[in-house]
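Just below is one structure, and these are the notes that go with it.
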Amino acid sequence: MAESRFKIFSDPVHGFISVPKNLILDLIQTPQVQRLRRIRQLGVGHLVFPGAEHTRFGHALGAMALMHDALASLSEKGTEITPDEYTAALAAALLHDIGHGPFSHTLEHELIEGFAHEAMSRVFLTRLNERFHGALDLAIAIFDDAYPRPFFHQLVSSQLDMDRLDYLRRDSFFTGVVEGRVGVDRIIKTLRVHPLDGGPDAEIVIESKGIYAAENFILARRLMYWQVYLHKTVLAGDQLLRAILRRVRQRLQADGLDLGGSEALLFFLRRTVRHDQIDRPDVVQAFAALDDTDILFSLKQWMRSADPILADLSRRFIERDFFRVTFLPEPPSAAMLDAWRGRIADWLVRQGLASPSQAAADAAYYLILDRSRHAAYERAEAGIRVLGRDGVVRELSESTDTSAIATQTHSVIKPYVCYPRDAALADVLPTC
Amino acid sequence: MAESRFKIFSDPVHGFISVPKNLILDLIQTPQVQRLRRIRQLGVGHLVFPGAEHTRFGHALGAMALMHDALASLSEKGTEITPDEYTAALAAALLHDIGHGPFSHTLEHELIEGFAHEAMSRVFLTRLNERFHGALDLAIAIFDDAYPRPFFHQLVSSQLDMDRLDYLRRDSFFTGVVEGRVGVDRIIKTLRVHPLDGGPDAEIVIESKGIYAAENFILARRLMYWQVYLHKTVLAGDQLLRAILRRVRQRLQADGLDLGGSEALLFFLRRTVRHDQIDRPDVVQAFAALDDTDILFSLKQWMRSADPILADLSRRFIERDFFRVTFLPEPPSAAMLDAWRGRIADWLVRQGLASPSQAAADAAYYLILDRSRHAAYERAEAGIRVLGRDGVVRELSESTDTSAIATQTHSVIKPYVCYPRDAALADVLPTC
Amino acid sequence: MAESRFKIFSDPVHGFISVPKNLILDLIQTPQVQRLRRIRQLGVGHLVFPGAEHTRFGHALGAMALMHDALASLSEKGTEITPDEYTAALAAALLHDIGHGPFSHTLEHELIEGFAHEAMSRVFLTRLNERFHGALDLAIAIFDDAYPRPFFHQLVSSQLDMDRLDYLRRDSFFTGVVEGRVGVDRIIKTLRVHPLDGGPDAEIVIESKGIYAAENFILARRLMYWQVYLHKTVLAGDQLLRAILRRVRQRLQADGLDLGGSEALLFFLRRTVRHDQIDRPDVVQAFAALDDTDILFSLKQWMRSADPILADLSRRFIERDFFRVTFLPEPPSAAMLDAWRGRIADWLVRQGLASPSQAAADAAYYLILDRSRHAAYERAEAGIRVLGRDGVVRELSESTDTSAIATQTHSVIKPYVCYPRDAALADVLPTC
Amino acid sequence: MAESRFKIFSDPVHGFISVPKNLILDLIQTPQVQRLRRIRQLGVGHLVFPGAEHTRFGHALGAMALMHDALASLSEKGTEITPDEYTAALAAALLHDIGHGPFSHTLEHELIEGFAHEAMSRVFLTRLNERFHGALDLAIAIFDDAYPRPFFHQLVSSQLDMDRLDYLRRDSFFTGVVEGRVGVDRIIKTLRVHPLDGGPDAEIVIESKGIYAAENFILARRLMYWQVYLHKTVLAGDQLLRAILRRVRQRLQADGLDLGGSEALLFFLRRTVRHDQIDRPDVVQAFAALDDTDILFSLKQWMRSADPILADLSRRFIERDFFRVTFLPEPPSAAMLDAWRGRIADWLVRQGLASPSQAAADAAYYLILDRSRHAAYERAEAGIRVLGRDGVVRELSESTDTSAIATQTHSVIKPYVCYPRDAALADVLPTC
């Protein structure tokens, strides 16, 4: 009896996903891809949306599945795609996020200075390519935008790539935020490869019948930002987790104390690793060993730490006793900030968490000023291109009937402050 | 064994709908409500979206079910609602559209001059109230906005009423246009009754946590307009159907010919009925006898009419051989329109559909100039009101973070022209 | 700008359906296929399940779409399919139900004696083939099971064909009966073409990993029968409609009265048409002109008939004032039936619907004895075949772990009786 | 501005879940309930179904939400429920699974001899009741079936309880196995409290219109067992994880080696804890500290263990390189088992995983014989009770039309064996 040429995954978002039993399945079975099963897609988002436990692994499969659908749609419209290109594009979609660290975006900058997960993905791609004897050469060229047919790169990385299509659809599904639902099928069915300025190059465009689906995609993404990714309680969880790592780093580097915790995690906290060191073998090895488990297990140990601040912060995360977040109408003055810090310092002393002499310094872990920022659609970068009924390609926000988009091209920035609920700070804060 | 106090309907959109076995169920069983089973919700929309065969009956049930949910949500928040108010509000939601005629909005103005279906609903409400010996007094007061607690009227008729919530969700479901999906549950859970200007009156507001859901509702509505309600082929079908009725009216009133067709329909075509005559007994009786069946059956008879124009137009509708629609950059000049009419007249003669002497006049049925118009959100009318975290109520487009809405408050108007595909007109039309 | 080679339909059940712009789209645009837009898939089912207004047209598109998916899945597993076979199989799936009459199964036997809709589909196929100059030769061979690769016919007509997969999924969707939901994707992904007894012939089999999906399909079908297709109120509506046509036929043939109504419908009621006459030109023409509109419009006319029985029955249907259905533990004896008929006759007289001399005869329209019958799975016919992990093909009910199926292979038959709710019959009926 | 009386959770399965801001929300915020966020609902199921990362926390919320729906449905039918009973029933549903350990069912018996998670839930309930000063007295009485209205206990624990309804719906949702979807709404709408044998006691029954939904529930549950819970690869993952813990226990108790790993986990592996010791303070404390994180983090440490067997087994789990599972037609004879063990022992030596003298003993970790067992419906236990139209209550499998159920009342038992894919054992195994 003939073996099937596909392994089938049951995905609640896209239904059955067929994985060819070739390089693609081999890649899925590597420890690097399996590690993505232990990295939650939404960082601390599951602590706000209880269904959103989904991982980078499901997203990687989903992006690959959508790449298959997109290539099939383009083929039907006459764009020729060779078997090698097909496999390389699937591999690039599957591996595009392989460089993510624990809790996805939350901890990036606490572990490695100036970190960009794409750069780490590139490092992992090189390692995998060595292991597979160059089988990923073409996938890497697509990832690097060094392949002569640039539309493949656009499908992997652009404002309307398979990554975004999958994560919006997936995050909407698992959070239950139905307003973020994107018409992925419709968008993919209206993709087309179009000659660039009449020359030999070609780009991905949306046919004009897909214009509302594309607009809806921009607006759904914006909605997911404000309702999910930048949800106040998500920000609170993010900041708490980052404060904990900062505390550990400070104690380790100052006192050299043994606080316990995951060795792979401590590797990044005992020293400062910069973004230009990410291909050092010891860094790669430690990073590849890290996942959400290391963070959570370490927190559970640190809950019992002798350092009262570390113990309190860790307990707060494990028991989901987060700080409060208040958005501010504008960034506070230095004087306001000083006054707030003073209140927090007093509170720390009253709580027995810090001595009077330490409280001012330790207040940095309990009063966090930051700002959330989102631009739904960055026209400047490399806009979504629409093929009009007149045969002319225009940028989406310049196409007819998309007035709602034009307003989405600037960033929205909101300063906010994070602090313990019972620290009596709320009364003195200005409100929006 | 105790009878259940509810009859349960299985609705694919909202799941089970429980109908109290009291006045509400009695109303559902009247011929007036049963008639809604024979009126398609989307007029000719099912000829473009093959799943969209759903009727006004399902929508009426759905609006009633959402009214139940909204009242339950308001009750949980402390707004007291008496059993009589509950029943009256359900009745008002159930009956709000009872005055719709065949093919919903498409034919309104072809049957009665200056028609508004709300006015006809009001006429039907009075008749039903007589039959039920005044049991609808309170429902009618709510419908008329004459009830002292105006928030009930707002739930029946406003920019965020149960009617709109149901029809958007329902039309999105049956058309398969997932981008139009509205988070109905979320909106209903964030409704609240709030004192108006600190006085004794109260209005419906959205809590601030529902602001994105409300914004999404506005944008989804806009998207449904452009993708569904004003879809080019829907416009083409609408115009064709209206042209047929105009043709019949013209022949009946000019020649008094017997063209066949439904008597109830012919009632409105043999004479001119004005909007201020809708409560005349003969008008009400004829209107109450009308549904989609009368139109379709008449068209099937008229396909075999001796009048070649009527036969051709009717056949086109039944066989879905619609006119082409072309949007114009601006309304055409009189000279342009004359030139186009000339081409159509020539074509009519060549097709044997009109004699040279008649062709100019008959061209009016084959060259139709109109414009589509939509304002997603009419702030002026009576905007959606949002209760801020600061306790202040603001209009939605003035609330934080809703820049996308501010752009939706003006109307978008698009002129277009309708004509036979093979009439060689496309070449001379300006394009957008 | 290149025209797309596909027309896309938005289907709420299967999402986007791509229709090749060749013979398939031409077929869809014929009056014969467009007529299916006016024939409800579930007969009177929409009067019980208010969302179930869907038509044979959507089902025809859906069966065609699943045929595409099935052929794509078989191709991926190495079964070669030529472009001609592909188009023919799509055409056969699209047209398999084209011979259905108004209200689908309900009226079949009232219009034509011994009618089978497949035979009428075959007549229509021949006409279309003439019009398309033989382009349907191969589709007809597949339909007739005369094509040398019999698995194509199995995909069109067998216990696990595209017809059943689509209608179960579709009817479950539109009725809201989620328990009837079938894992169509999974079943299609596990189809395979397997050599029959090692010879050159081949059959469709299910891979063993699809065995639970196939079992679920059988059980879901059974559930849809008892909950939807044979729902008591559906039976009541069916019987009422059939009684009306019998009454009209009786009056027309006995008295030759002019009762009004659709001419195409009256064609079948003025005379007796037998199943071996269905290819007579006048029969084909009248049948092709018939759809649900003719029935409903005629009922609306007959509501005002001078025949009180016809008027009453028609009004009952239009106002959904159906008879009551009571299932019986066993078929009643002749004596019981006589007694019941006597009660009904008395009631008719009391109601002023029949004179004492006529009441006994007219009781036949108000007391209807029938039985519902369903066999979920007919092993004998041509069972579902499963390819075991050992390479041996077995019939589904003989495969491992499908004990639930073995019990489904016999027919379940339930006698029932239909009568007016207020006719005081319920008290004397035996109960199950 | 009035605070809302409910906190709303966005659940992708049931939509919005409203949690009263009273005892129920306080319970959710305890560390004991928050711990459920770190325990996957399906043990190793997420390694087979990539979307199935959902946790016991979401299930606890869901069961509580369904309890609310069930009580609301029963209230509408006239069963009186006091506010205290309402809160207690919600608490009981929320906490019913609070005693689950890491990986849910997988590890139960490896940690505590004769463990039953219900007993541990009871221990936790007592502790929480102390903390809440007796506020859980009534919830505990319901949990213990010691409350005079036994139907509350039935809603918490029976063959058709809120636990089962939620987990089937939830597991079907997150695995994407649509065939397992249960019509939860319909079942809940057809529940009713009925006097038991005419006496003062009352039981939960299903109204006869819910009979197909109940039957579908049984069959869906059976399907989820064979397709998900007892999926071959799930069994393989379960057995691997259990073998690892056995290995650690053996090494710790034999050699007292320091293997690293979570202290809370090691507590249970250094000693033997019996089910009658689960309320010992040290046991409760260690158990309450345990979650999936402890297991995964320990495995990641053990991958680098000096014990080659432990390192190999741990790596296999982390990299998802599971054993193969083969179902056997019958339990093997002792001689067969010996022969298979010999092959495995040889393979261990060849792989360098065991010395020749140790290989026979160590083979126990690489050749695992077990059996899967499932009874879809246990009539004997306490069947589902159906209220017939005749007012008589019957057990489901004795009700009309449920022949498919009668076959589901016996257990299906399948022996199987687990072993490394490359150990050349497959060839000598008998096949089903």
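In order of appearance the chains are A, B, C and D, and numbering begins at 1 in each one.
As a convention for this text, a contact is a pair of C-beta atoms (placed from the backbone, for glycine too) under 8 Å apart; a residue touches a chain by one contact, two chains touch by 3 or more.
As the structure is a computational prediction, the values presented were derived from the model and not from experiment.
**Student:** Can you list every chain in contact with both subunit B and subunit D?
**Tutor:** Where subunit B and subunit D share a partner, that partner set is A, C.
**Student:** Compare the CA centroid of subunit A with every other chain's and tell me the farthest one.
**Tutor:** Comparing chain centres, C lies farthest from subunit A.
**Student:** Between C-D and B-C, which chain pair shares more contacting C-beta pairs?
**Tutor:** Of C-D and B-C, more C-beta pairs in contact link B-C.
**Student:** Approximately how many whole Å separate the CA-defined centres of subunit A and subunit C?
**Tutor:** 51
**Student:** Can you work out the whole-Å distance between the CA centroids of subunit C and subunit D?
**Tutor:** 43
**Student:** Would you kindly tell me how far, in whole Å, the mean C-alpha position of subunit C lies from that of subunit B?
**Tutor:** Between these chains, centre-to-centre, one finds 32 Å.
**Student:** Two or more other chains in contact with one residue: find those residues in subunit D.
**Tutor:** 15-16, 177, 186, 389
**Student:** Can you list the subunit D residues touching subunit C in their complex?
**Tutor:** 177-179, 181-183, 186, 212-213, 215-216, 219, 222-223, 226-227, 389-390, 400-401, 403-404, 406-408, 412, 431-432
**Student:** In the complex of these two chains, what residues of subunit D are touching subunit A?
**Tutor:** 9-13, 15-16, 29, 31, 34, 37-38, 40, 46-47, 49-51, 53-55, 57-58, 61, 173-177, 262, 289, 293-294, 296-297, 300, 318-321
**Student:** Show me the residue ranges of subunit D that touch subunit B in the complex, using the header's touch definition.
**Tutor:** So the residues of subunit D in touch with subunit B come to 1-2, 4-6, 8, 15-16, 18, 76-78, 185-186, 189, 207, 387, 389, 391.
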